[in-house]
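Here come two complexes built around chain A, the first alongside chain B, the second alongside chain C.
And now, the complex of A and B:
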């Protein structure tokens, strides 16, 4: 009787599977001829999600079911959109999801013993810096940012993994002590990473790293003054970047009036806005829009594609799903009694929150656009695997929370 | 160090950020969605043209303005003058000029169709037909107004100030709608400047019609503005170098009444001297001297503040038309400030903006949202009325509107706008003669903005005739005849 019973979510999982089926049946019949590969793809995706569900619960019996469902939905949505934009790249993405699923399970298993990750945080920090420095010399340029690396024919974007390492490093540092002296290495590390990212013109990632640091700092210390000081310093840095780099000026100009700069820097934003407006409330229907017109439709601009074909109402639903992911993540952090695990989980939730806000806010012209991916949905193996790892960390912490609780119950029992 | 409390407050912040995303998305699409959709850059509209036969465009009486032939190509009526008169408001089919055909592409190309119609199209493979669009304009009135421009350049707009409906809108020179598909390739070269819709996008010096704005500023910021008087000596003098007002104008005048070296003058039209005048009288006789004094007394800041409240320097976001707003800057010197108060200096107005302010005066201070869509009719579902009229903005307080109405009535009864009188109706208005060049041989632009004060015929009008001459002599009679035609046609 001293076991925790988890709410059964199998029925909700079925709803996600029905969503997948609906999308891929539609895709199979759209375009005038029957496409059997779409059905097969949908089937594989369903199997992958079921397999992931079973193996996660086997590794971490107390994993957060609701979080799993939310992520499964986002990943499936991403797959449907990717398949609609091109079957070949979708297949590649499915393979990455498979690796991501494995990463999720590994991370969950590791996080059951948080000491492992804590010890690893220093090698992680050094490796991250090393890779980022190396990128300056051997990095490949794509989309204006010099942040790709080619390993055995596969292109990787190491900055995606650096973000995850950063969380572990910061959580580790903030567990050891909170005096300024003890935090200096962590601060220097964050500044170094951010500076290197700026040098690679990966402004979105730099913003993200700085944001996650400040959020974790405030969560750990509660020092509002110092946090705002950091925020002001970040703002000053951003302004200096605006003055120093022409491409930043162009970005801001495009944000203020994408139509005036339509033929140059405003093109992408304007195309995205037209796509969103064309979809209207309920969307043009999966496969019926023309999202191929938007640059970066698979990666940064996938939200515009979703709005065009699924509609703005659905788009708001997607935003709500991200919000729920963040809520679950923070709840896991709150439930953890181990400070390191708690900070790690909170960092993971913050990463999802900030990255989602930056990219969706950029696409809908709320803030200047910086090229980063939309977690779980955008095309790109590095991003997907990195975020699956993030979810894995959250699930590992959740599993440990459950185990601890169960232990307490057993001790309390007569 | 209360980590869990910190985390909880950060969670609230995260949720607020997500709520901001969602609400901004709704807000921005609601506000600008139709603009973005109708953008000429939106190639989805072009693609849709190959899949859907575009619906007809008709005026409020059902007169056909544009339709599609059997091959889906756009055809226009044979009446050449009619086509030229409505070319700007209708706009070309390709969205190169932003008229109704681009603005309402959502309906014309059937983007408003229900899901079942779309599915049917998908399954049958047949070309679907878009909805027909009825505009609020009266084609005959547009044609008449266009003819009244008499081959010259200019713009005329007629609106219903109670509903905001645009009843006529025409601009000259005009272009040939049927040849616009050959414009991009260079095969058709329209007359220079003819693609600009001068009603909504003509940035003109407003001249004395701007005194409406200065008068509103006076009402708001000058103590006893309606009771006190101003002394018009016919001439104000300024130091040419510093731009400072010179107290004694006679110092600046030579024997022939011209300016001595080192001085610049601000005179009244035709060298008139009005003597002691009230604000109302100064308005009716369009006294530059008095309004320059008002501007100097108010200062640029207050006029600018009022101008901004009236929309100058802002951005219009109307649902159904795209229009530029005017702009005002009071200048740096007394000289520039004085001229800016009488609608010169760098003052800019579009006829649509002036008409909107006039509508607000006529309608107790409330400017209605300009409406162009009368109704739509989709093949399956029949006619659907357009959205109801709604207020755009309350530009003036009720007493301000009443006072200005009195001023404008006096202008037409016994001031510069006498030629705008219509027998049996009370016309209120303001004339303007806008100097557009320092050279004496360039004829000024003639302006008239006004309305019929009658609940049965709530029509407002704004007329600009480029290089036409005096507003009272040239624009006022044109306005009267177009308003008369409007009464005749719309009854």
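And now, the complex of A and C:
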């Protein structure tokens, strides 16, 4: 044995392509007329996935094929749902998926030499803080949060990229050492980012940053007591936010009893719950629901749209796909012998896990709703590109793990 | 397609979508398990103290080298990992497998087996330079195949 034999994932990839074909053939006949553009869109999506798959394996031969297919499924589902709600937004999302695919390949190539990202972590930290401070003055407000910026006519959300930078910064700091003195810059950076996000009213992102920091801290140190202390401090901060900000009080009130505030702040949660309930176990059918009744149906509430049209069984399946993505990410992290790469991979997996939990938990009324995207599925170029970069980091670490193992095998038996 | 026909098609397709999603999930789980096994096996092999066998006897096989895999079968059958037809060995006479970082020899006939001139235990851990006799076959355990680069040990 002198090389690694990867499992064949062709049949699972074919299932994803059949899913895309089935969705877009159905959508081509929705609205009582034939829409050839839907078929063309589906074909382009299939070609994009195949091209990205080939490019990834060319750049990183030991990349995690299963992870790629799971991400391809989630992205395809997002595209189908976006197309069902408007061809124009879906086309924009497809373009973003193309850019995201390029970002994935670049990140995978960079992570084959993790020292590059490690060196870049300090400039990333400074740039992230600068951008977040600048947003307080020049940021545009959308959905209650002042976290959008316009560059050359294009709107994008820098906080999405700050999340990726955060992983590199925290992994870099936790690789240098785990003494309190060495961790202070990482703690201060996390507190600074979370505080700036709270000031922008981007509470979901602030919660996410705190969650990822705590998970990474526990993974790096193994100190459960200190992690719980951090969790308690985060809880105290959240409670202080509840007391200090009226919009936080309104959101918590809407979460506790959306029906009491149905005509105001509870409308979105109530509509989302009704959409999920009206879909039942098997859904109403693609194109037969009424997603337009839910506010933010393209972004925050896309999971309610999925449950309404595809059914709760399918929705649970989507959560299972996210769980598998996280498990693959953790497995990549555990297999890595390089501490920085391992922490980066763990940070990426925890970012996907925490963000998915926050948004799906908010939609199903498990926790108070905060406005963040559902990874890979929601409408939004910044989010899609940022999460594709996160997957690229995971793929790069997986490729490096495979290459190192193969090198060891070949050392003795060329 | 009129709206009623579309409704029927969309209703039927709901089940297809669930089936496809189930296929993706279970396919990914099955392949994850399989890939995990293969990678663990590769890691076990990479961590072995010996990685190759050099045949010393009989004369017709002398000088032949065989790399070890996770579970290496030695015997006279053609489909063995170390196939030595026309010897006194049984079809699958012995196996060398990985356990806790060691390559362990397990043979069916201990009566005609010697490791470094002594009768082996039921399972014997092999190390670099060990010479094993089984019937009329003799092989030496080697750290690496010929042509492999010399890599200093970590403890050196």
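Descriptive notes on the structure:
Here is the rule we use: the second predicted complex is superposed on the first by the 412 of 414 C-alpha atoms of A that agree within 3 Å, B and C clash if a C-alpha of one lies under 4 Å from a C-alpha of the other, contacts with A are read in each partner's own complex, and residues count from 1 in each chain.
One rule holds for everything that comes next: contacts are C-beta pairs under 8 Å (C-beta built on N, C-alpha and C of every residue); 3 or more make two chains touch, one makes a residue touch a chain.
This is a predicted model, so every value here is computed, not measured.
When both complexes are overlaid on chain A, the residue A:288 reaches chain B and chain C alike. Once chain A of one complex is fitted onto chain A of the other, the partner contacts of A:84 are absent, as it touches neither chain B nor chain C.
When the two structures are aligned on the shared chain, A:201 is found in touch with neither chain B nor chain C.
Contacts of A:118 after superposition: neither chain B nor chain C is touched. Once the two complexes are overlaid on the shared chain, A:12 sits against chain C while remaining clear of chain B. By the touch criterion defined above, A:346 lies against chain B but remains apart from chain C after alignment on the C-alpha atoms of chain A.
By the touch criterion defined above, A:327 lies against chain B and chain C together after alignment on the C-alpha atoms of chain A. Of the two partner chains placed by the overlay, neither chain B nor chain C lies in contact with A:298. Once the two complexes are laid over each other on the shared chain, residue contacts for A:26 go to chain C alone; chain B is not touched. Residue overlap on chain A between its contacts with chain B in one complex and with chain C in the other: 285, 288, 320, 327.
The touching residues of chain A, counted against chain C in their complex, run 1-2, 4-9, 11-12, 15-16, 18-19, 22-23, 26, 29-30, 32, 34, 66, 69-70, 73, 282-288, 310-311, 313-314, 317-318, 320-321, 324, 327-328, 331, 335, 405-406, 408-414. Interface residues of chain C facing chain A in the complex, by the touch rule stated above, are 1-3, 6-7, 9-11, 13-18, 20-25, 27-29, 31-32, 34-36, 38-39, 41-43, 45-46, 51-52, 67-70, 143-145, 147-149, 151.
Against chain A, in their complex, chain B makes its touches with residues 1-8, 10-11, 14-15, 17-22, 24-26, 28-29, 32-37, 39, 41-44, 47, 111, 115, 118, 122. Chain contact summary for the complex, chain A toward chain B: residues 178, 215, 218-222, 259, 262, 270-271, 273-274, 276-278, 280, 285, 288-290, 293, 307, 312, 315-316, 319-320, 322-323, 326-327, 330, 333-334, 339, 342-343, 346, 349-350, 353, 356-357, 360-361, 364-366.
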